[in-house]
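The block underneath contains the structure these notes are about, expressed in structure tokens.
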Amino acid sequence: MLDWLSPAEWEAVRLSLRVAFWATLFSLPLGIFVAYALARWRFAGRELLNVTVHLPLIMPPVVTGYLLLVAFGARGPVGGFLESWFGISFAFRWTGAALASGVMAFPFMVRAVRLSLEAVDPRLEQAAATLGASRIWVFLTVTLPLILPGIIAGTVLTFAKGMGEFGATITFVSNIPGQTQTIPLAINLLLETPGGEARAARLAALSIAIAAAALVLSELIARRVAARMGRA
Amino acid sequence: MLDWLSPAEWEAVRLSLRVAFWATLFSLPLGIFVAYALARWRFAGRELLNVTVHLPLIMPPVVTGYLLLVAFGARGPVGGFLESWFGISFAFRWTGAALASGVMAFPFMVRAVRLSLEAVDPRLEQAAATLGASRIWVFLTVTLPLILPGIIAGTVLTFAKGMGEFGATITFVSNIPGQTQTIPLAINLLLETPGGEARAARLAALSIAIAAAALVLSELIARRVAARMGRA
Amino acid sequence: MTLSVRLRHRLGAFALDAEFMAPPGLTVLFGRSGSGKTTIVNAVAGLLMPDEGRIVAGDRTLLDTKRGIRLKSHRRRLGYIFQEGRLFPHLTVRQNLAYGAWFAPRHAPRENRDRVVELLGIGSLLDRRPGALSGGEKQRVAIGRALLSAPRLILADEPLAALDEARKAEILPYFERLRDEVSIPILYVSHSATEVARLATTIVALDAGRVVAQGPAAEMLADPAVLPTGAREAGAVVQARVAHHHADGLTELDAGGTPLFLPRVGAPPGDTLRVRISAHDVILARQRPDGLSALNILPGVVQELRPGAGPGTIVALETPAGRLLARITRRSAEALRLEPGSQVHAIIKTVSVAPLDIGGGGAGVEAAGPNGMSHDGTSVRPR
Amino acid sequence: MTLSVRLRHRLGAFALDAEFMAPPGLTVLFGRSGSGKTTIVNAVAGLLMPDEGRIVAGDRTLLDTKRGIRLKSHRRRLGYIFQEGRLFPHLTVRQNLAYGAWFAPRHAPRENRDRVVELLGIGSLLDRRPGALSGGEKQRVAIGRALLSAPRLILADEPLAALDEARKAEILPYFERLRDEVSIPILYVSHSATEVARLATTIVALDAGRVVAQGPAAEMLADPAVLPTGAREAGAVVQARVAHHHADGLTELDAGGTPLFLPRVGAPPGDTLRVRISAHDVILARQRPDGLSALNILPGVVQELRPGAGPGTIVALETPAGRLLARITRRSAEALRLEPGSQVHAIIKTVSVAPLDIGGGGAGVEAAGPNGMSHDGTSVRPR
Amino acid sequence: EQVTVFAAASLADALAEIETAFEDATGHDLVVSLAGSSALARQIRQRAPADIFISASTDWMDAIEADGLIEPGTRFDLLGNSLVLIAFDPDAAPVEIEPGVDLSGILGDGRLAMALVDAVPAGIYGKLALQELGMWDDVADRVAQANNVRGALALVARGEAPFGIVYASDALAEPAVTVVGAFPAATHPPIVYPVADLSTRDVPAEADFLAFLRGPAAREVFARQGFAVLTE
């Protein structure tokens, strides 16, 4: 079974899982925050934020990758700052791949959470406030549980995107086996070579299987959440 | 102003708008249907459909484009059938670019609509049924208006993706100026050309402006819908 | 049209096992919170598919699990007034009201919209959306929406609970009219004794998912034991003809030859009314008392004494106006030495006949006759 | 603690312009559907920010638009029972009940959970979620949730509307206890005359967003003109001491020296009760009548005759038990030649004192005294 | 008459000039679709409406030829290129590239930017050259593989990688990089851009264009762009 894929390919699988996992983990809280801001607050620059969130969708991935490189590379303003102050480095590392995936999936994460947020009945949040819950507690005990469907959807989309992101990743952190060569990069490599299709297909199948498992799991969780809540 | 971009670039802008428009128009009803099926029906193959819908997200765009090429190309089984029976051809035409964009945006369209669908209070649909509305009428008069937020979100995401899709498009329908060279393809090409960055940036800015306009419009509509509905 | 319902369904720990007949007229489902009223109504509406059951409305079988018949909700032609409004938030009040009419057969007999709107006092709300309505306003729109859908069966789940007394008093006659003139069968859930007394043709009493008693309203109301609200709600319904409207604001009725005074009633002389006289509003005296502020004193003969669990006794009398009930203490019954056959006088204060308790038309009570319900003065209890 | 409210707010075509004082005890907001009751309660709860207004609860200013004070809802320490439940669908009944307690100050005096659960009859529902509850069950959980949040002010918007009479009868004493023993001020919206009569310390009558009358309950109930439900709800509240429980199920009260018989009451001998005697349940006679089934006959002197718009007249009497009201027809008043000073006998049927109308403790009425409300027998009407 | 050319993206600039010149000279309409050689080759296999294919490597042209999609006898090598070592630092010392040079030492802790070493011609040739020179094993795990030569160039131009290996033609076009050494031609197989007339379609103008490519105007353009012109 193990020699079904080459060791380098297994490495790509391992890396993809890691990248997808961390991309999801980090974009989740930020996505919820941005979605909340967009859905609930009226502030100057709201539309600008909204457009910014959608940028990775509008621009070709190469451009996004290039901009990430410019900003988060070792010599980029943000990258340099993070590196020297916090020792966080994205350049040519899997962390950069995770960043690229997270950024590319961000519009979906935000949209999904926002849709759920806008469907939350504000009267329930009011009820919580009259019972003594401050805004943050209302959010944690009422809003957050009620937007679980959106969070699950956003998580799944981000995870899937993390498994599949190619253009921004290769532009930002290039293709370094064992470091940044995720499954899509490996597949791409195989497709660039005449006759590489069969191996590419195997890798794609594995990737799909993983994402499908995550998908089925998410459906189970979502169904459970829905069943628990029923209708009030 | 017009010579701000080259004629070929204006052509790309025109083409992108067309591609994004048709991609959105066609994936909308299909997306709503699939979302409805996934949200409301229990049928054999539901999970399979769900995974299939997410495939464009999981696989690198090149793979999606390649599969489209194989299936919808002039020699592909589906493409050949559509061509000979309905005269619809996707191969190396803007229609193919629209198909690629639509397919790539499909997971988001479906997710957005589905989230809204799952937030619809089934008791309202029941009420409509007791008032004599058959299932299809319930859908048209109650469900559809209530899932407008999801439809708007899905539309915006699909339109934005239509403006930005690169990988699958170039793999599927190549990069033929005036036929399939949309803005992202043109940008990508400019980035391949030494010294093309400035022109690429101009084109990107225009693309972002269009998408931002669409985004702002969608927000206005959504806010109007929300305000009209208030809370019941 | 008779509605016959047999249901068996399990919801978690709650087991519904109910069987009842709703003859033409208005059938009240009566029972404590959680006794299964809404569950039954939902099953009749087709919103709940029971594990087992049969629901037949006239000659239409709505449900028969044995024969695999499950008519879809939208084919049942109902007007369901839900316990919780369920207005369409995306439609204006006007559109909500019009909704059912879109789907009604073109020539179905339908209520006049303007009349319903006026009755419900929602004329000024037509262009608003439900989000901008008060609780009672929502409920009134919900009533209007159901009534205007040209239904062949009305299901009303506590339709008036959120309304003030004055509004109730305006709407109740409308349900009476539907029951009597338009002859639409109505299944009506209510906790209010006044509504029950005023509207019910038939009463079905539920407890923990089972029918504990059912029968014609007149009999059920006369039997405090079967009414879950207790003795206070016992009473008799008498029929009387409007005789004369007096200048001092009183209306004189003719109840089997005896005059009966009420505060001014809208009906013209000659009309027959249905007047509910609550058992606890009747005082009995051995001799005809004099110098009392009460205007209505009816002679009668004691027919039956039915002691209750507490200190009270229900006394059934035969009077010229018909059968009356009086609820007195056992102590008084002994002091007056009452027994079947005793001659007594029933004293009823004019104003103790509540405006809500004066029903228009006698069809409600009359209709209770020819439908197979027991008519021997006791109520029917299943099994 | 006195709650003083002044609000001005515009909602579409509806203009609220209300000012009232809620002295310690329970203040009922009374008014037709759409008159602005929920709007006022929402403003007190901080869920609606009025265009202009001032709300002061005791020494805490909850809102003062002039001074820019707008206390957030969660700092107001309220228990709000909403008109439409608003239970948290993702939490079990148990968690819903516990929700408010999480945020209450640790040492805030709080109700005993088990007691409240038992009172509301929701013990068997604790592990369910709101989606699986009946309408009345939801409402009961909502009541519990508010009561268990250790509130310093209770807002109740038609809390009992969805409940059956028996359940209401069980819950009402609880509100009385909160009012009298725990001394939590309560703002209570209700359409039910029984609830108003039983619970209210103060009544604020609203119409179209304005306060049309306000004053101590005892006085407001005695004045049919100010009560929107009309004359039927007039009545007097008398205080009486439990004297003796008789073997035949009757309780004998001592009302200023005269015996008053009621069906068995729970209170032990010696306790003081608040008994509401509805004006339409009182019959007047010139001579003490004999041989009547009514056990309670009180001598009295007519103080005042107040003719109403219809055929009725309210007669106020001074009796050994206190002030009583009787609603009779003008025709009877003339026949009996009643005028101030006339000696009469008031006849009250034992059972006409409804169980719901027997209140525990006299604090409700007594508390109406020292709060700046007019005490001269007429109600206070603003402007 | 219209001629459609599928050409490797790295020829974008040169072909843009040639297109104008050709159209002016012949009155034909030239359509150029620029993408990766692999994508174009696959599209040709799916009967893309292309008349002429200019590949960046012999592999994909071989594959097409094996499929019988080439007009027999029309294939010829159009251009050649050479590999150079470039640096971000304009003052970097020139390097004589020969066996024994401590490339690893020169890199320090920086990365060596290359195009995909197993897929993109520039990367493949670069890897072969380094192997030939005995340096590959030293630097293999330090190589950052970009999606194409332009990507590698961008990494060096941004300073993310201090050194890179690219084609001479690309290095010439990017002012932000400095050529510090040239790879001897003997260290790698000849770098050629083969061109061929495709058998998928047949238009007379094809021959005109092929002739034009061999002509002096085209040769001048290619030479200016840094290519070695292989035609006589």
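Going by the order they are written in, the chains are A, B, C, D and E; count residues from 1 in each one.
Note that in this section a residue touches a chain if its C-beta (ideal position, glycine included) is under 8 Å from a C-beta of that chain, and two chains touch if they have at least 3 such contacts.
By chain, with names taken from UniProt: A, B = Molybdenum transport system permease; C, D = Molybdate transport system ATP-binding protein.
On a predicted model such as this, the values are computed, not experimentally measured, just so you know.
Engineer: Compute the shortest path length in steps from subunit B to subunit D over the network of touching chains.
Structural biologist: Minimal hop count between subunit B and subunit D: 2.
Engineer: Work out which chains are contact partners of both subunit A and subunit C.
Structural biologist: Output, common partners of subunit A and subunit C: B, D.
Engineer: Among the chains, which one keeps its Cα centre farthest from the Cα centre of subunit C?
Structural biologist: E
Engineer: Report the chain whose CA-based centre is farthest from the CA-based centre of subunit D.
Structural biologist: Taking each chain's C-alpha mean as its centre, the farthest from subunit D is E.
Engineer: Where the centres are mean C-alpha positions, what is the separation of subunit A from subunit E, in Å?
Structural biologist: 35
Engineer: Can you compute the centre-to-centre distance for subunit B and subunit C, using the mean CA position of each chain? Integer Å is fine.
Structural biologist: For subunit B versus subunit C, the centre distance works out to 57 Å.
Engineer: Provide the list of subunit A residues touching at least two other chains, using ranges where the numbers run on.
Structural biologist: Where subunit A meets two or more other chains at a single residue, that happens at 62, 66, 123, 167, 188, 191, 231.
Engineer: For subunit C, give me the residues that contact two or more of the other chains.
Structural biologist: Within subunit C, residues 84, 132 contact more than one other chain.
Engineer: Do you know which subunit E residues sit against two or more other chains?
Structural biologist: Residues of subunit E never touch two or more of the other chains.
Engineer: How do the chains pair up in terms of touching? List each pair.
Structural biologist: Per the contact definition above, the touching pairs are A-B, A-D, A-E, B-C, B-E, C-D.
Engineer: Which residues of subunit C touch subunit D in their complex?
Structural biologist: 11-13, 31-34, 38-39, 83-84, 124, 128, 132, 134-137, 139-140, 157-158, 161-167, 191, 193, 228-232, 246, 248-250, 261, 263-264, 280-281, 283-287, 289-295, 310-312, 326-333, 336, 347, 349-352, 354-355
Engineer: Given the complex with subunit A, which residues does subunit E contribute to the contact?
Structural biologist: Subunit E reaches subunit A through residues 36, 38, 41, 59-60, 62-63, 111, 113, 116, 118-120, 141, 143-147, 151-152, 154-155, 158-160.
Engineer: Which of the residues in subunit C end up touching subunit B in this complex?
Structural biologist: It comes out as residues 45-47, 72-74, 76-80, 82, 84-90, 99-100, 102-104, 129-132, 138, 145-146, 149, 155.
Engineer: Can you check the complex and tell me which residues of subunit B touch subunit E?
Structural biologist: 62, 65-66, 69-70, 73-76, 91-92, 170-171, 174-181, 189, 191-196
Engineer: Please name which positions on subunit B make contact with subunit C in the complex.
Structural biologist: So the residues of subunit B touching subunit C come out as 123-124, 126-135, 137-138, 141-142, 145-146, 228-232.
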